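Two complexes follow with chain A in common, the first pairing it with chain B and the second with chain C.
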Partner chain A sequence: MTIAVLSGKGGTGKTLVSVNLAAVAKKSTYIDCDVEEPNGHLFFKPENVSDEEISVKIPQVNNELCDGCRRCVEFCNFNALAYIQEKLIIFEDVCHSCGGCVIVCPQNALTEKDRTIGIVQKGHSNEVYVKSGILNTGEAMGIPIINSLLSENKDVCDDMIIIDCPPGSACIVMDSIKDADYCILVAEPTVFGVHNLNMVFELVKLFNKPFGVVLNKCLEGENPAELFCMERNMKIIGKIPFDNELGLLNSNAEIVTRKSNKYKELFLELLDTVKREVQHETITNP
Partner chain B sequence: MKIAIPVEEKTLDTSVCASFGRAPFFLFYDTETKESIFVDNSAATSTGGAGIKAAQIIVDNEAKALLTPRCGKNAADVLDAGNIKLYKTISDSVKENIDAFMDKKLSVLDDIHAGFHGHGGR
Partner chain C sequence: MKQLLILSGKGGTGKTTIASAFIKLANAKAYADCDVDAPNLHLVAGWDFEPERTDYFGLPIAQINQQLCIECDRCRENCRFDAITNIEGYNVNPFTCEGCGVCEYVCPVDAIQLKPAAAGELMLYSHENKVFSTAQLKMGSGTSGLLVTEVKKQMKESAVDTEFAIIDGSPGIGCPVIASLSGVDMVLIVAEPSISGISDMERIVSTAAKFGTKTVVCINKFDTNIENTEKIKEFCEKHDLTFIGKIPFDIKAVEAINNGQTIVDIKCASGTAVKTIYERAMELLFNTP
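What follows is the complex of A and B.
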């Protein structure tokens, strides 16, 4: 069972929810797909960590063979190539690694080389298998790292897999949720929070994913995010209070469900709800 | 000398476009013959890398200088490779900027931005 946790902006509580769901599940895999700012490992402090470099293919030119026909320049949809003063210029950051330029070159002047863009770290924390994607600073595209993080999961489908998504609703989030059985949308109780909730709501609708909302930082009184959910018939599957104890544990990089019985119960209940929702979904939409 | 300016419309009375890479047209103005040519910017609707493609157009049309309010890192690299000098525009008016260029009153554009899409500027 694969559960993706997402939100329209950073700081709503994606990592809090995903780390603690993974921690209360008996045996689980936690995957940090927030490759630009992965922080789940700060809570899990995994042991026996292994690193694997992730690279993408980019073109390189042999100027002796290039006759300046510019087919590659015209082919590239992202304009990663320019031909100036009888020399080909390649913008490695702009390249999306499609390999098309190499194919269209009639002189075989272009070949591919590897460029490292980041790493995948794997380790264990109690019964949680912790995987983090870390994109090198300054890199623009994290999707190859996410693909690597998610590629090996297909054979371990018995476990609970929790995906901690990047914030927002861009391509990188689409890639993170594409194989999820269920999505958890984490929302803040503000008007701004509603705007961000709506972004991910639109996304999960587009992908036709079953989903539920967790309202985080709940205070007494009116909650705009809750009203938004009620108006649109969106299922609220959990509420986390705005609580000093929780904030303190979390800011000390503690896993709250390993420190507080109150929160252990809250997240166990949330996990049960999610499991029930997924089973219900499998029966109604097999 | 041929100079290039990103413009909103195909007329000398038009205004300078705030964006270089995604300007709808480029004006190529010959300071000796006073001849002006407007070229469609095929980079304007690019999925990405508009600045690179736009700079390629400037180089291919053999301009020696580009007058623009701003320019991104990747475009500046292409223009630099093409030995094209960058000058910062002083107003929206195309005519004012051409006059200022002729009077050598335009300053060199050196505040190159890192781009709006996280590319470049590392």
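What follows is the complex of A and C.
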């Protein structure tokens, strides 16, 4: 079963929820798809870590073969090539690795080489298999790392895979949820939180994913995110209180369910709810 | 035009809360929200009328004419983004297509064409001599960097004689952040005193450094973890980053935001702290080379 944890807004508690769900599930895989700012590994501190470099293909030119026809320059929709002072210049960081320039070059002057954009790091923390994608700073596109993180889970036979998504609702998030059986939307009780919850709500509807909402940082009194969910009939599957003890543990990158019985129970209950919801979905929408 | 960009690396540290306070304090004539994935500044910017809206076209998307298609499979074979499927005829997945044009080029029967695709919406609020430029990217779209560039362009073109602009950035370190960095005079990083926040701050500092942008740091909710606050200050000292102040956790800040106000519209501890940070930021932006 694959569960994706997302929220339009950053800092609502995606990592808190996904790390702790993975930690209370007996045997699980935690995948951090927030490759721009990965934090899950800071909590799990995995052991026996192995790193795998992730690279993309970018063109390189053989200047002896290039006759300056500029077909590659004209073809490239990303403006990654320019012919200046009788020399072909390649702007590696805007290249999308489509391979088009190599195909259109009539002189076969272009070939491809690998360019490393980041790593996939794998390790273990107790019974949790921890996989993190880490984009190198200065790199624009993390999608190839996410694809690599998600491509090989077929051979992971754990019954619980938790995907910690990046914030927002752009392509990078869509990629992260595409294989999920169920989505958890984490929301905080502010008007910002509500506005961004609405965006991911639209996203999961668009992809027809079953989902539930976890309300984080709940205070006494009116909760705009809760009202929003009730108005739209969105199922609330858990509530995490605003709590200084939790805040302090979390800010020190401690896994709260490994430190506090109260939170262990809260997340076990949440995990049960999620499992029930997924089973219910498979029965009603097989 | 001097431009101040507010970034954080980690989401939810308080970029928009601080940006809205700065805009109020500066009585800013030009400002923009470059978090095109999840824009929020308009919720507290106090504009009570509808903006001028323009469709934003990102990169085009391929379309296959089924009538002309001879099912040779060349488009699918050559697509690096796995955007072409051949279930019930050949089709393009508009969410994964990046508009590179390779399929159009390799198709032997001209059955494929790149067509413009709306990828979001640009919005411009302007009244008397004030402009606010913002946008919303369409869900699942992949061209956030280009849209960020458009948001900044729209702001600059509408406020030509304005000498100062405030830009609210997006979380992360990738495409939209890199696009927002171009041409700005100073970056203010809003850090959060958590282990995650520190790690994310280090990554955004390194990203800004690669583009050679002057960077200063402040800490939000500093009293939620004093030990980590000290670590951030030490990091700044070690890396020659100017540390310009800290803001306490303040429940009144949440109340202000939920009422559509900025933290300097009400009397509160976080509002007082942000004023000092604002003054230091202005001093550094205008009076240091």
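Definition applied: the second predicted complex is superposed on the first by the 284 of 286 C-alpha atoms of A that agree within 3 Å, B and C clash if a C-alpha of one lies under 4 Å from a C-alpha of the other, contacts with A are read in each partner's own complex, and residues count from 1 in each chain.
The rule is short, and it goes like this: a residue touches a chain if its C-beta (ideal position, glycine included) is under 8 Å from a C-beta of that chain, and two chains touch if they have at least 3 such contacts.
Note that the coordinates shown come from a computational prediction; the quantities given were computed from them, not determined experimentally.
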Could you tell me if A:Gly100 is touching chain B, chain C, both of them or neither one (first, second, both, neither)?
-> second
Is A:Ile84 touching the first partner chain B, the second partner chain C, both, or neither of them?
-> first
Would you check which partner chain A:Val73 touches, where first means chain B only, second means chain C only, and both and neither mean what they say?
-> first
Look at the residues of chain A and decide whether chain B or chain C touches more of them.
-> C
Name the contact category of A:Leu227: first (chain B only), second (chain C only), both, or neither.
-> neither
Once the shared chain is lined up, is A:Gly138 touching chain B (first), chain C (second), both, or neither of them?
-> both
Footprint intersection on chain A (chain B / chain C) at 77-78, 138, 140
List of chain B residues in touch with chain A within their complex | 43, 46-50, 52-53, 55-56, 59, 74, 77-78, 81-83, 117-120, 122
Within their complex, state which residues of chain C touch chain A.
-> 8-13, 16, 37-38, 40, 43, 59-60, 78, 80-81, 95-96, 98-102, 105-106, 137, 139-142, 144-145, 170-175, 177-178, 192-197, 199-200, 203, 206-207, 210-211, 224-225, 227-228, 251, 254, 257-258, 260
Complex interface listing, chain A residues touching chain C | 8-12, 15, 36-37, 39, 42, 57, 75, 77-78, 96-100, 103-104, 135, 137-143, 166-174, 188-192, 195-196, 199, 202-203, 206, 219, 224, 244, 247-248, 250-253
Residues of chain A defined as touching chain B within the complex | 73, 76-85, 87, 89, 91, 93-94, 138, 140
